[in-house]
Amino acid sequence: MSWVLGDSVPMTAYITLSAVLFLLGVVGVLVRRNAIIIFMSIELMLNAANLALVTFASFLNQTAGQVFVFFVMAVAAAEVAVGLAIIVNVFRARQTVYVDEVNLLKG
Amino acid sequence: MTPIFFLLFAAVAVFSALMVVLQRNPVASALYLVLSFCSLAGLYVLLHAPFLAAVQVIVYAGAIMVLFLFVIMLLNLRKDVEAGVHRTARQLFGWLLGLVLAAQLYLLLRAPWGLGPQGQEPAEAVQAVGNTQAIGLRLYTDYLLPFEVTSIVLLVAIVGAVVLSLRQGKHEGIEEAP
Amino acid sequence: MQIPGLSPDLNWFVWAVIKVVALMTAVLLPVPFVVWAERKVAGHIQFRPGPNRVGPFGLIQPFADVVKLLFKEETLPEKADRVVYFLAPMLALIPAITVMSVVPVGPSFYATDVNVGLLVFLAMSSLGVYAVTLAGWSGNNKYGLIGGLRASAQMISYELSMGLSVIGVVLLAGSLSLVTIVEAQSGTLFGFLPRWYVFYQPVGFAAFVLTMLAETNRVPFDLPEADSELVAGYHVEYSSMKFAAFFMGEYMNMLAISAVCTTLFLGGWHGPWLPPAWGGPLWFFTKVAVLMVCFLWVRWTFPRLRYDQLMNLGWKVLLPLTLANAMVTALGVALREGWFR
Amino acid sequence: MLDHLYLIPLLPLVGLLVNLALGARLGNRGVGLVGCAAIGAAFVVTALDLAALARLPEAARHVTQTAWTWMQAGGFRADVAFLLDPLSAVMCLVVTFVGFLIHVYSVGYMHGDSGYRRYFIALNLFTFSMLTLVLADNFVLMFVGWEGVGLCSYLLIGHWFERHSAAHAARKAFVVNRIGDFGFLLGIFLLATSLGTVNFHEVFAAAPERWAVGGALATATALLLFLGATGKSAQIPLYVWLPDAMEGPTPVSALIHAATMVTAGVYMVARCHALFELAPAALVTVAVIGAATALFAATIGLVQRDIKRVLAYSTVSQLGYMFLACGVGAYSAGIFHLATHAFFKALLFLGAGSVIHALSGEQDLRRMGGLKGRLPWTHGTMLIACLAIAGIPPFAGFFSKDAILAAAFAGPLRWLYYVGLLTAGLTAFYMFRLLYLTFYGGSRVTEEAEHHLHESPPAMVVPLAVLAVGSALVGLLGIPLLPGADRFGDFLKPVFADLGHLRELAAAAAAGHASATAAVGHAAAAGAHGAAAPGAHHASVGLEVALMAVSVAAGLVGIFVARRLYLLEPGVAQRLAERFQRAYRTLLDKYYVDELYGALVVRPLERLSGWLWRVFDVRVIDGAVDGTGGLVVLGGTILRLFQNGYVGTYAFFLVLGVVILFVSLGGAR
């Protein structure tokens, strides 16, 4: 942690941060039962990945990573639009957004 | 200066992410998520990606999270009741797995790992605060096809969302006047 | 410039503080007068004098109002979500001020020259939604909720058109930095017409003005706070200073957005006769003032849109229009740069 | 014109597609019109091409055009490319011209048939495939056409598929052809593997260098190719399908089973003469089988009662002639006979068709007779055709058949000549038997056939007339002896220009090791020069004339016998039949060949496949399939314990998987 006093942040720090955020996302998906919160956690994971991408892009001196992040954002927007529509439909059908109350789909 | 800002943003991001998971109130979670996204935008600025920072705020904070809030309000969800089927098991295993994964990632990060080859683009072109143009060039030359495909994905998503939100019989989208 | 006897860092910091303070005053100071102007204009449009008791021409009236509001009772509805309830009014103020930080008031008279300034503006205006939405929701009041929902839907819809309407300008200036954009508008057209982008981008300008009204929830797009049907909509549950915050927020947003509009379309600080050093800011604020008057004028002249009309206008008129405008502009730029040769 | 070869096969294809797509809307008139127009156009193009080709210098009469590369794997490569040289040009002309006439004829003949549109579509498809076959410049593409015509013949034989016999005949034709095609395919594989190419030009260039004359490889290839030819061209032992093919509509029999498709084998052998010349043994086989088939079929034809079957057997025997010609190396003579035969045999079939049409479907000679007056046009044209096939000068058959006989006479195995001669006599006999039984003598027509007996419509008569003119005159293209009068031979010369060289090779080989086959091949080669490469040394003129006289005499004898037996003293034939009861029955039942095949091949196969079905298929294969299903079900029942419908659980297992993956990766480190 000697870099704190310096004037540049090592890449490992960024990567660790993105890893931590990703983990929090995973945990969120696992422990919550509210579909919307789970969805948010997924978004969180996406952003963690984005952070990693931007980090590498910046430390490797190339824009490709940033372009990928751009794509991720676009696709995330699409995903949210559809996903939320689905959640709304589920709510209309079952009056709940709790994933463990929606369990008809099993063998 | 940079490390200070980094620590600041990182702290905020992690804290708010944690709150997203812990908060019982969906709206609060959403707001914390917005906060976390905003601090990520700050980190992007530190990483010489101001364009992405702005886009991050516009797309995530400005559009996606608003959509989340919108739905939460539409369904008028207040506090979560965290009961439900085998709740304890869920909590327990969830956190347990999270910890295991954390340990693994820690080992992974401690292990020596090298970087790939440096990019061709000159450092200043990328580091330059005005790398919007660089991104644009990349986007419209090397990644033109993915770009177009993404647009198709978006179109499909629009159609899908509209179809999903059409109530049977009446033709009104989600955002008809409540 | 370097203040003697200061380390560079400290110097930078000091100047930053100075600029910030200047900006905040620049945004906050006019507010009372805008309020006054609103009431005056309203009055005159309705053939009545408007406030004219407190001070000359009732100029002190706004301050009297502020005092009154200060002494009002703070109410906190039952079952309100406290945190959010307190958060919302603050959120109403932040974006406006932040936007001002990237707007160049005069040559070398701006807080920062972010090279993605325009995006910062868009980002902030998109954050503006939260204040309204959260305010409407947190009060746990059905009028408020409806107001909030309307606001979020409306603002999301019109952000698109706003973003698209400024693309033309970006294409012409070839930069996202507001300073560069303003500098690109110097000089004149055919010797007499100032080279402002309003003349290059009439459609873009018109669209921007419309979306401007919608983003600030002004008439004829004031559905979120439609007094006659939603009894003040999203801030129905607010009183005293929190209400004042929303009140100020609205006018600050108007100021900020007018400033941006001036920067993008009306040539920012450019103007004849006066030396730019102090004439620049003067011209700038004059243009902003004109725009503000237009705001008021519109408010007291037009009826409110119905919700479906609002959505139709946003999605079926403005969006295609701005898209087409962007394409045509792109074509023009391509021709100008001679990419087809 | 020559740079638009692809037009020739394309036009019928277009017609076919148009009929396929819009046929229902066009209506029957339109369909017929389109079909004929397509073939007509193809004919015009072909004629123009032929003219252009004739204008080229001899050496250059060899136009190749690559449409696109069809398949390429390593060194192997097959193009969709068309080759126009005198040989293919002549074939194309015959196919398109006769095809066109028969299309026109069909408009009248098939009028009011329920499958009218289907019929024309199949007919166009056939023409397309046939032209592809002829114009192909490599074996693979040729095989495509080869299979295409096979398919079309199947479709058209079974045109009236609701008739059981027709369906059966179609199936028989298809299966029997399969055997031949299998041989052909093997031959192609052999070529591709040993020479690494399937392009005609390259193959014929490479084969003489790479292969020893009379070597196993050459002989095997040639024999396999010839097996294919026997299948397609109905030679012993695979001729059995052709007589049954008469179940199809008569125009089809005329076009496919007389004029064009069945001659594909001859064309193929002529095209591959370079290979056959390298395998003298194979050549001899071809000659012997050809002669044998000719005689064999002719004898059967003597007594058949169904007018179309008589013609069918005569076709078989005429094809035998052509192979005989090829076998003794007189390729151009064979092709010449092919062309003339196309004319008069098509004419005969169409005439027969006209008769059948007039008698409202009656095919049995015993219920005809005395139609001369009633069907003047049909009678006249058929008379010409019979004279032509009987080899009476100056009709077409005379010249071509004479050329073949001359070549056979000059050939090594002189007895082949006598066989040919005998066959010629028999041919004349049964053809005139048919003629007399149909048109002369007292009418034996049944009443209901009697009272709407009528001459055919112009759409049918005009083609008859045209073909009659053709059958009368085409022969004059190939007048022997007079120098320069053998236009046909001269035109084809460049194709067979390499014969001389090949024969020197053969001769050298023969000199090298005096093995029997090689000697025969050598002799055959040496002998065949006369007919094969006109302009090379001729057999002496006197001999030629004598041969002609003999063959004509044979024809006349045949005619007179027929006249006596069936016109002047009817009943004699009857008595003869009773006298030689057994022989008669044998002939009538076609030497019981079908029964023989049935006993030897078909029934054992049926029994084998029955066993396979009951034991192998049911027990082993189905068992395996069911077992797989069972396994899947078992796995499913286990796995569905994990699928409890709770997304949370799924997510949990997902992450668990990630963790395990990480662990394994860590282990890999």
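We call the chains A, B, C and D, going by the order they appear; numbering starts again at 1 in every chain.
The criterion applied here is as follows: a residue touches a chain if its C-beta (ideal position, glycine included) is under 8 Å from a C-beta of that chain, and two chains touch if they have at least 3 such contacts.
The model shown is predicted, which means the values in this text are computed figures rather than measured ones.
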| item | value |
| --- | --- |
| Chain pair with more C-beta contacts, A-B versus B-D | A-B |
| Centroid spacing, where centroids are CA-atom means, of chain A and chain C in whole angstrom | 32 |
| CA centroid of chain B to CA centroid of chain D, Å | 73 |
| For chain A paired with chain B, centre-to-centre distance based on mean C-alpha positions, whole Å | 5 |
| Computed distance of Cα centres, chain C from chain B, in Å | 28 |
| Contacts with 2+ other chains: residues of chain C | none |
| Interface hub residues of chain B, defined as touching at least two other chains | 1, 51, 55, 63, 67, 74, 85, 90, 93-94, 97, 101 |
| Set of chain D residues in contact with two or more other chains | 646, 648, 652, 655 |
| Touching chain combinations (by label order) | A-B, A-D, B-C, B-D |
| Residues of chain D defined as touching chain A within the complex | 636, 639-640, 643-648, 651-652, 655 |
| Complex interface listing, chain A residues touching chain D | 26, 29-30, 33, 38, 99-100, 102-107 |
| Chain D contact footprint on chain B (complex, rising order) | 85, 90, 93-94, 97, 100-101, 104, 107-108, 111 |
| For the chain B and chain C complex, residues of the former touching the latter | 1, 25, 27-28, 31, 34, 50-51, 53-55, 57-58, 61-63, 66-67, 69-70, 73-74, 76, 129-130, 132, 175, 177-178 |
| Interfacial residue positions of chain C with respect to chain B in the complex | 9, 81, 83-84, 87, 114-116, 119-120, 122-123, 126-127, 129-130, 133-134, 137, 145-146, 148-150, 152-153, 155-156, 159, 163, 176-177, 307-308, 311 |
